[in-house]
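For reference, the structure I am asking about is given below.
Labels for the chains are A, B, C and D, by order of writing; each one numbers its residues from 1.
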Amino acid sequence: MRPIHSKITEIVEESPNVRTFFFDTQFDEAIPGQFVMVWVHGTDEVPMTLSGKNSITVQKVGDATSRMFELGIGDHMGLRGPFGRGFTIPGNGENVLFIAGGVGAAPIAPLADIVKARGIEGRTILGSRCCDELLFRERFACGRVDITTDDGSEGRGGFVTDQLAETDTSDYDRIYVCGPEIMMYKVFEILKARNAHVKAEFSLHRYFKCGIGVCGACSMDPDGLCVCRDGPVFNGGELEGSEFGHYERDSSGRKCHF
Amino acid sequence: MKVAGIELKNPTILASGIMGTTGAALARMSRNGAGAVVTKSIGPVPKKGHNNPSMVELECGYINAMGLPNPSYSGFCEEIGIAKGKMDAPLIASIFGGNAAEFTEVAKGLLSSKPDCFELNVSCPHAEGYGASVGTDPDLVHEITASVVDAVDVPVWVKLTPNVTDITSIGRAAESAGASAIVAINTVRGMAIDIHSGYPILGNRFGGLSGPAVKPVAVKCVYDLYEALDVPVIGVGGITCPEDAIEMILAGASAVEIGSAVHDDTQIFVKISKGIDTYLQKYGYSYTEDITGLSHEMI
Amino acid sequence: MKVAGIELKNPTILASGIMGTTGAALARMSRNGAGAVVTKSIGPVPKKGHNNPSMVELECGYINAMGLPNPSYSGFCEEIGIAKGKMDAPLIASIFGGNAAEFTEVAKGLLSSKPDCFELNVSCPHAEGYGASVGTDPDLVHEITASVVDAVDVPVWVKLTPNVTDITSIGRAAESAGASAIVAINTVRGMAIDIHSGYPILGNRFGGLSGPAVKPVAVKCVYDLYEALDVPVIGVGGITCPEDAIEMILAGASAVEIGSAVHDDTQIFVKISKGIDTYLQKYGYSYTEDITGLSHEMI
Amino acid sequence: MRPIHSKITEIVEESPNVRTFFFDTQFDEAIPGQFVMVWVHGTDEVPMTLSGKNSITVQKVGDATSRMFELGIGDHMGLRGPFGRGFTIPGNGENVLFIAGGVGAAPIAPLADIVKARGIEGRTILGSRCCDELLFRERFACGRVDITTDDGSEGRGGFVTDQLAETDTSDYDRIYVCGPEIMMYKVFEILKARNAHVKAEFSLHRYFKCGIGVCGACSMDPDGLCVCRDGPVFNGGELEGSEFGHYERDSSGRKCHF
């Protein structure tokens, strides 16, 4: 598919460095965890999770994201997608635990919306660096929310992993995780020690070029799975013994260790 | 089957630039049935490639301008080692450079990782100073090929661009310089524009067309090269099913490479090599070579 | 709208070789909304063309090798007269020959029928000694163009083949010889083989690819020619809907020609010219020329 | 579409110069009067009416047809189609008249099959040069059949037009005509004089190149209609004032008068 020319219909400033852009293009079939390639004309095209059927939630980090922050309502971006494998939608009787750090709340929030709409109980551990950056806390209204901030400005001071260490995960049928890779890997290790990683799903990031599973830029060791196509969501079992938590590759294909 | 100096497990080969950035990905394609695998094209220095969009699916194919991203030969030796450790299909190292010296430097730099064959990319249509910039000049192609052939002790294949007035003159240059096979084709120069924003869609503005749209172009190039040359021709361009592969083989291909079709089906290699076998059986042939170039005899 | 010396009724033009064998057929396409019509290419002597199959629909386009069938200029004057009597859209006479003298002979021979413009076919990829056989040589193209420009008092357009290493060098040759516009592209060299019989499908064995598959190639050629030349570029190749036409115009086309798409819809001209108008209105432009080449400014 | 590789399963010798070839390819959707492009490998591709869902009936006249006559059961031809506009299928209450000359019976016979299967009454005037060449007489079993032969070897001596001149066409709702153009044109003139041509349909022949309405080789004056696409079947009304009966064009596009 060619990029769909999409008009920005609304912009929500979530925090100084994070904005949600709503579009006149709606991806009704999208599954939480799936992403779109977002073309910022004249700059770059970058992957972004759908934080809703017609929205992306963007942290300003570099060229493309900074250019996005210069756009206003009525401006356009090109959207291709939805691509990739999303999260497994929980069954009606299942207990779920959400673990989200920073802008990692973006792919988890639409899952929380579903869980809430279905009346299932879903517990959340939501972390960020400081209270300003707690993303989508109001969308995790499907159950208890434990907040952690690195600087202690709200909730528990520390990391989501500190909270997780004290949480009994045996109650949960499914655990959904997204955040910086270091955080996700620590979560993975805790769960693994409890043999609970196989009921957890992690949404990964790698450098994407094609975004459609052809070029191989995003393939992971040792199985050569593509994050853009076979992921970005992987079951914890699939990640065992992989590069996850250890290294990724830059746009030239060189390894960069975390 | 032995083709152009290497022992393929079957006539379907993973094309360069597709799932060829890591050893693990190459080994995966071998598990998925590829009879051999070609690496992403590797150059003398690390290259990030062009800005995105770098590959987009169009109405009847794909357009891409990756810009030859690669970690350079020194960064890539390890990946070849990993691939070779995980598979027994032959590994063909695709390499590029701006001139004969660079090509040779890269080839020599990769030799320690023991690739089974080199494929010289003198055909990428969208990398300034590389690829087709050198591959449209028969003399340069001759010089580059001769230089690499001289430097290595494994077969050297040369991959050509269709974006020339006469592909056979380039093929002849490579053959006379010692190429063991000619691979045709790399992508066809093309471009797509987003009519709403007015922007060319690729970050590089233009790029190369691949997939179904280019198959008739590839078939014609293979047909002409088969007639013009003595060395085997490897057919590539738009193959998505056994019928496409057979068409290419009847045109003159000794084996085929498959690129874009991995998008629709990562198991494409098994499917196509099985399909070729079924065809051979149905029509009473024993080997792929029995039908290579057969269309030339139908008059 | 005035483009390259002639007054088009709208920016959609019937391409050469499509419904262009008789005056009646040309007039029909004008009734169906074509802003101008180009005749079948006419040569110095009657030609039957290649054996059938001469045109086959493939997976994402068409392949053809008609072989320039035509009744010669003396046989065709009457048809031009009939067409002109039945329509008020301009008529562009496409002509071919093996050299400048033949081209000029044909042009002069048709002058009495008063075509509004000539289009020189130096680009048919499958007629030995004609078309692309001459159109890949900038010097020959210069000589032919200059000779016809000299002999006639109406604008002369030159239609180029994409099957060259550098289309802009051919475009420059035609421009410097006095062409009023460059038309790009003729069909892309290609071939299809029937895998069951082993026979190449076309009677001529190979031919030219047209339709959707070639649009990205055409867009790129038009983009490059727009940048390289001062005269208008007429875009042709794979246009099947208003979006395709607009893409070609944004790439640099002042008008578009439509060929194969007549297969799916003989009313295609009305649809596309209306679609272009709708686009212009939506984005606040008044004329096609306002968006010609606009993609070059989007950086 | 690419030509469908079709195996000859049966060959029926209808007369010394006419054979019916049956194939393992069946065109179930074909309407009587539609044609296929028949590719004789290495020779030529020529249009042939479908004389049945999986058959063509060929008169040997030149290169391609002679080559076909050399083929046997198990050999192959390539078939593309069905193409063009066929005959209007008669309604259940309608009276129909068939007028067929020579191999022109090929497109009419499948219509007669339909008429017979429906139990409608259909009358036929079937002509040929001599009794050997009367094609498909047994398929016109849906009503009275008047036979004419040029040499008088069977039925009435003379032409189908002689028979038609004596036939009251006002009884018929639809008249279907196929044969050599001279014959069809004479039929057309007779019907026109009775103002009955508008209820008649004629299956025309012209030189075909593409067969799919693109190249223009088969376009007719003065409207530029394509025999391959807008025809080969035309209503008599559409043919009024046209080149029909006067001239056709050869493969170079030159006019050849009848």
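The working rule: a residue touches a chain if its C-beta (ideal position, glycine included) is under 8 Å from a C-beta of that chain, and two chains touch if they have at least 3 such contacts.
Because the structure is a prediction, the values reported are computed rather than measured.
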item	value
Result of counting contacting C-beta pairs for A-C and A-B, higher pair	A-B
Averaged-CA centre spacing for the pair subunit D and subunit C, given as whole angstrom	36
Centre-to-centre distance between subunit C and subunit A (centres being mean Cα positions), rounded to whole Å	51
Whole-Å separation of chain centres (CA-atom averages), subunit A against subunit D	67
Junction residues of subunit B, two or more chains touched	58, 192, 197, 199, 298
Residues of subunit A whose C-beta touches two or more other chains	41-42
Chain contact graph, described as a line, ring, star, complete graph or other shape	other
Chain pairs in mutual contact under the definition given at the outset	A-B, A-C, B-C, B-D, C-D
Touching residues on subunit D, where the partner in the complex is subunit B	41-42
Footprint of subunit A on subunit C - complex, ascending	298-299
Interface residues, subunit A side, partner subunit B - complex	1-3, 5, 37, 39, 41-46, 76, 78, 80, 208-217, 219-226, 249-254
Touching residues on subunit C, where the partner in the complex is subunit D	17-29, 40, 46-49, 51-58, 62, 64, 66, 69-72, 75-76, 82, 86, 192, 194, 196-197, 199, 201, 203, 259-260, 262-263, 266
Interfacial residue positions of subunit B with respect to subunit C in the complex	58-61, 63, 136, 163-165, 188-193, 195, 197-200, 206, 209, 212-217, 219-220, 223, 243, 246-247, 250-251, 279, 291, 294-295, 297-298
